[in-house]
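Here chain A shows up in two complexes: once beside chain B, once beside chain C.
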Partner chain A sequence: MRKGRPFLEIFTYALDEDYRFPILEIFAFLFALGTFVFADFAGGYDRTGETMAYSLVNTLCEFPLMFIFVVLILKNVAYGLGGDLDRGVMQTLFSYPLKRRHILTARLLSGLGIAVLLFLGIQIFGLFLLAPDTLATYSSTVFLTYAAHLCSPALLLAGLLLLLTLRLKRGGLALIIGVILFLAGLIFSGEVTYIAYATDSDVILKVWAVINPNTALQAYYYETGVSLFASESWAPSFSEVLLYLGAGYLIVAVLFIVGYIYFDRRLEI
Partner chain B sequence: MRWITLLWRIGTVALAIGLALLVAWLIPSSAEYPYRMSRHIEPEQYMTGGLEAYSPQNGLQISVNATDEVRVYLLGVSSLELDNWKTLLREAYPDSESPDSESPDWVRPDMEIFIEFYTVPLLFFHEAYPEETHLSLNDSQTWDMMWDVAVLDKGLQTHPEIILWDPPPGSAFSHELFPADVLNIMAVVANPSSNTVEVDVEIKEVLAVAPKDRIIFPAQLLISIGIGLTIVWLVSRSKGKFEKALSDRG
Partner chain C sequence: MSLIQVDDLAKSYGRVVAVDELSLRVEEGSIMGLIGPNGAGKTTTIKIILGLLKPNRGFVRVFDEEPWDNPDIKPKIGVIYERAYFPSHHKVLDYLERVCRIFGKPESRAREVLALTRLEDAHDRTIKALSAGMLQKFAVAHALIKEPRLIIADEPTSNLDPEARRELLDLILQLHRDENVTFLISSHVLPELSRVCESVAIINKGKVWAAGSLTELSEKLGARTTRISTDNPEALGELIRKLEYVNRVEVDSRGVSVGVLAGEDEKLYEDVPRLAKKAEAKIVGIETGTASLEELFRLAVKSTQGEGHR
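The block that comes next holds the complex of A and B.
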């Protein structure tokens, strides 16, 4: 049997489990309609160019749409993978002539890869219909903003939940913890700027920007536009923003590598 | 069979996205804040109306009625470009006279305000007459030169990228426009004839979830693809069931 065949078998199985009809369709509908309903150009009126493009994408990656997206990937990672561990399906998957890490890759490719493709594909298609000139002119800003939002909360939470699910071998609890972490992050994001003001120090902002690179991006873009809250006290340069984004992805990578190592060597079934 | 199932799921996703676009298309738009203006335009002169910021979700509806044939344009300039032009004009006319230099300061219209409100016509004038560095706004000759159709034509030739709508000449116009980016849009009505023309212009702000003309075609296309792929799957499934039933009987 060729090596690709069992991988494809597991990938198809995971796809079937993660996106039972009509889950994929409901999420696609919500992402598509949400792109038009939640797009907000009003924030961009006083701003120009890149800041406006950032502001627009930011509105599409905030609470309702990002929450729906995070729920989808957390469901796939925690509930899908956790369900396989809980119900003993993983034992069957281990009988395939595949390394453990390839089994996990097939599972994550379905749970995370397809969800990210769906979310980004639909939103960029919606933006192309809505504001083609903005998308064409400021494509790098659009890409950077999506990269920051995908890093945290989406991939960061997915990595954390992967570890939790593998440790607990149950998806339900991990899913609840993931949702709580998402909401806690949302609340803290709002508070962190006030804390920076109250303490008259931007250290907390910088620490938070490592975990959530969008904070650095926000400080960078709004500094040149309409001044907003803490960005007045901290205005990173573009290379610093890239550094924070890189640091954010490094944390995500470490979480996934630890998850892979645990799954490969320590997971006992 | 797996490929058929995959195609079916791609089809249902396309159908879902198409339906979402259809819902966005069905959400009614509202036309608000009408801005009306009635003026007469001297022979071979032009006028401008409003310079407001519009976005892909906040377009405008314009209707123009004239007593004779006129040319109408909608011009769109980004805020960045507009700021650059204002800076250029401030540098080009550093010591220009205000319309009534003898009046006290508080009644004297400021050149800065003039640049703010008439950036585009002033830029066209500057490009047509670059040698005029001392702008006297109280001079009727300068004023006539500024609003000359020839100045407008030269300006539009130099900046064709700002023309968003350029219908053939006529006496009645109506149009709805949603820009593809956040743009400052102004209406221009030009009278190329040798007679004075009375013009009524009405501009309304249109608020919509999405520009209807840009989403209806993708919606139709995606729904058609979705239905097509679902039919293929249904036919293949019924064929499979039929063959199974036949083999069971046999």
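The block that comes next holds the complex of A and C.
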């Protein structure tokens, strides 16, 4: 028996489950529509170059498009994987000649990997049509901004939801908790600069930047925006931004590694 | 060769002990029944054997290998659960063809197993559109795709009508006879198990109370069934029921079946003529044989309620 065949079959099974009609069509439509509706060039009038590129991508990665994207990811992770556990389909999948970690990888590759490809693919194609010069000239800024937004909230929440789903074995409940966490993060993200101002310290900004690297990226590109509130202006260097991004991805990696270890060695069904 | 070896198995859920000191062997080419009341630990034992649960203690080997997360043994084991769990919106034939590809079998095998389980007409239906009985047949078809050497079935006939039950039991016997497939079957339907199983393990309160062939168990447990053929079974049965040493009395139109422990059957032989006279019943014949599976099961439950394990 060829080793790769069972993996491909489980992967295509997961694709069937995660994107069955009309889920793929609805989300692809919303991503495409959102890209053209929310692409904000006006916000970049007083900015130039990299800052404008950042601002443009930032508008595409904020509420409500990010919310739709997160809903798709959470649905796939919490409801898809959780549903397999909840309904007992995982018992059937465990009767196939695959290691547990490969079953989880196939499930996550479909639920997360394809969702990320769909979101980025449509947005980048939209940017290519709307602002080809920006995309070509500031591709590293565009890449960095997407990397920051993917890290948090998308992958961070997916990692948390993976652990919750495996522990609870209930997809629906995990999905609700995920949406609440997303909204709580969104509100806190908006309030964090005010808290920094009220406490007269940028420590909270730095802590939040570890969890949400876009905060550091924002401070890097919009220096003045942050210094208005904090008594001492926080303007991280580019290497510091990369460190925050690395720390964010490290947290995400730890969550997924713990999820894999639990699935591999502890998950009983 | 033992395809399944379980020694000193223990599994608890919090403070609830599901399985304790359980040992079991399933020999290649045998059909073993696993019986016990609800909550006896049958499903937990099966799940541990299938690598879905981790025991707290004990030794488990399936095909001489550790079952937890072991893909190498999966092609050799077919599994039929009491409730079948499959992705519900897939079509029957499509899903089975996918399973063929997973196990490296030709896709034509999907139609073969549909024919074996008499599900050909449902090939184009979605799995969720199948009735409970058809879903159970689909689970059997799914288990047969890989042509397993061992089939583990947890209550495989629970959702089937009598005709489908008979067909499944025939299929089990056919696979056993023609392809030497080994079976471990957990079931509450004891007459069915008696029909197909060569040996049984009686589980209660997480332990194997007794194991062996029906004859061996009857000998070991000293359980006998005495059959009295008579023209007035109702009246005779009523009187026999009053005897202290009798475990069980079943009356049918042609006689009375009496469950007694070994040693007590002689007493019964002495008492029957007297009771027959009193009941005005003519005795046509009397013979003692091995106890039925129901009798053994009843003894197991009764024993673990009061006397402890054997």
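Quick note on the criterion: the second predicted complex is superposed on the first by the 260 of 269 C-alpha atoms of A that agree within 3 Å, B and C clash if a C-alpha of one lies under 4 Å from a C-alpha of the other, contacts with A are read in each partner's own complex, and residues count from 1 in each chain.
In this section, a residue touches a chain if its C-beta (ideal position, glycine included) is under 8 Å from a C-beta of that chain, and two chains touch if they have at least 3 such contacts.
All values derive from a computational prediction rather than experimental measurement.
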Partner chain(s) touched by A:39 [first = chain B, second = chain C, both, neither]: first
Contacts of A:20 with chain B and chain C, given as first, second, both or neither: second
Contacts of A:164 with chain B and chain C, given as first, second, both or neither: neither
Partner chain(s) touched by A:5 [first = chain B, second = chain C, both, neither]: second
Touched partner set for A:177, first chain B, second chain C, both or neither: neither
Partner chain(s) touched by A:66 [first = chain B, second = chain C, both, neither]: neither
Which of chain B and chain C A:95 touches, first, second, both or neither: second
Common interface residues of chain A - those touching chain B in one complex and chain C in the other: 12
Residues on chain C engaged by chain A in the complex (per definition of touch): 47, 50-54, 69, 71-72, 74-75, 77, 79, 81, 83, 85-90, 98-99, 101-104, 142
Sites on chain A touched by chain B in the complex: 12, 19, 21-22, 24-26, 28-33, 36-37, 39, 41-42, 44-45, 47-49, 52, 118, 122, 125, 129-134, 137
Chain A-facing residues of chain B, complex: 2, 9, 12-13, 15-17, 19-21, 23-24, 53, 55-58, 78-80, 83, 179-182, 209-211, 214-215, 218
Touching residues on chain A, where the partner in the complex is chain C: 1-2, 5-6, 9-10, 12-13, 16-17, 20, 87-89, 91-92, 94-100, 264-266, 268-269
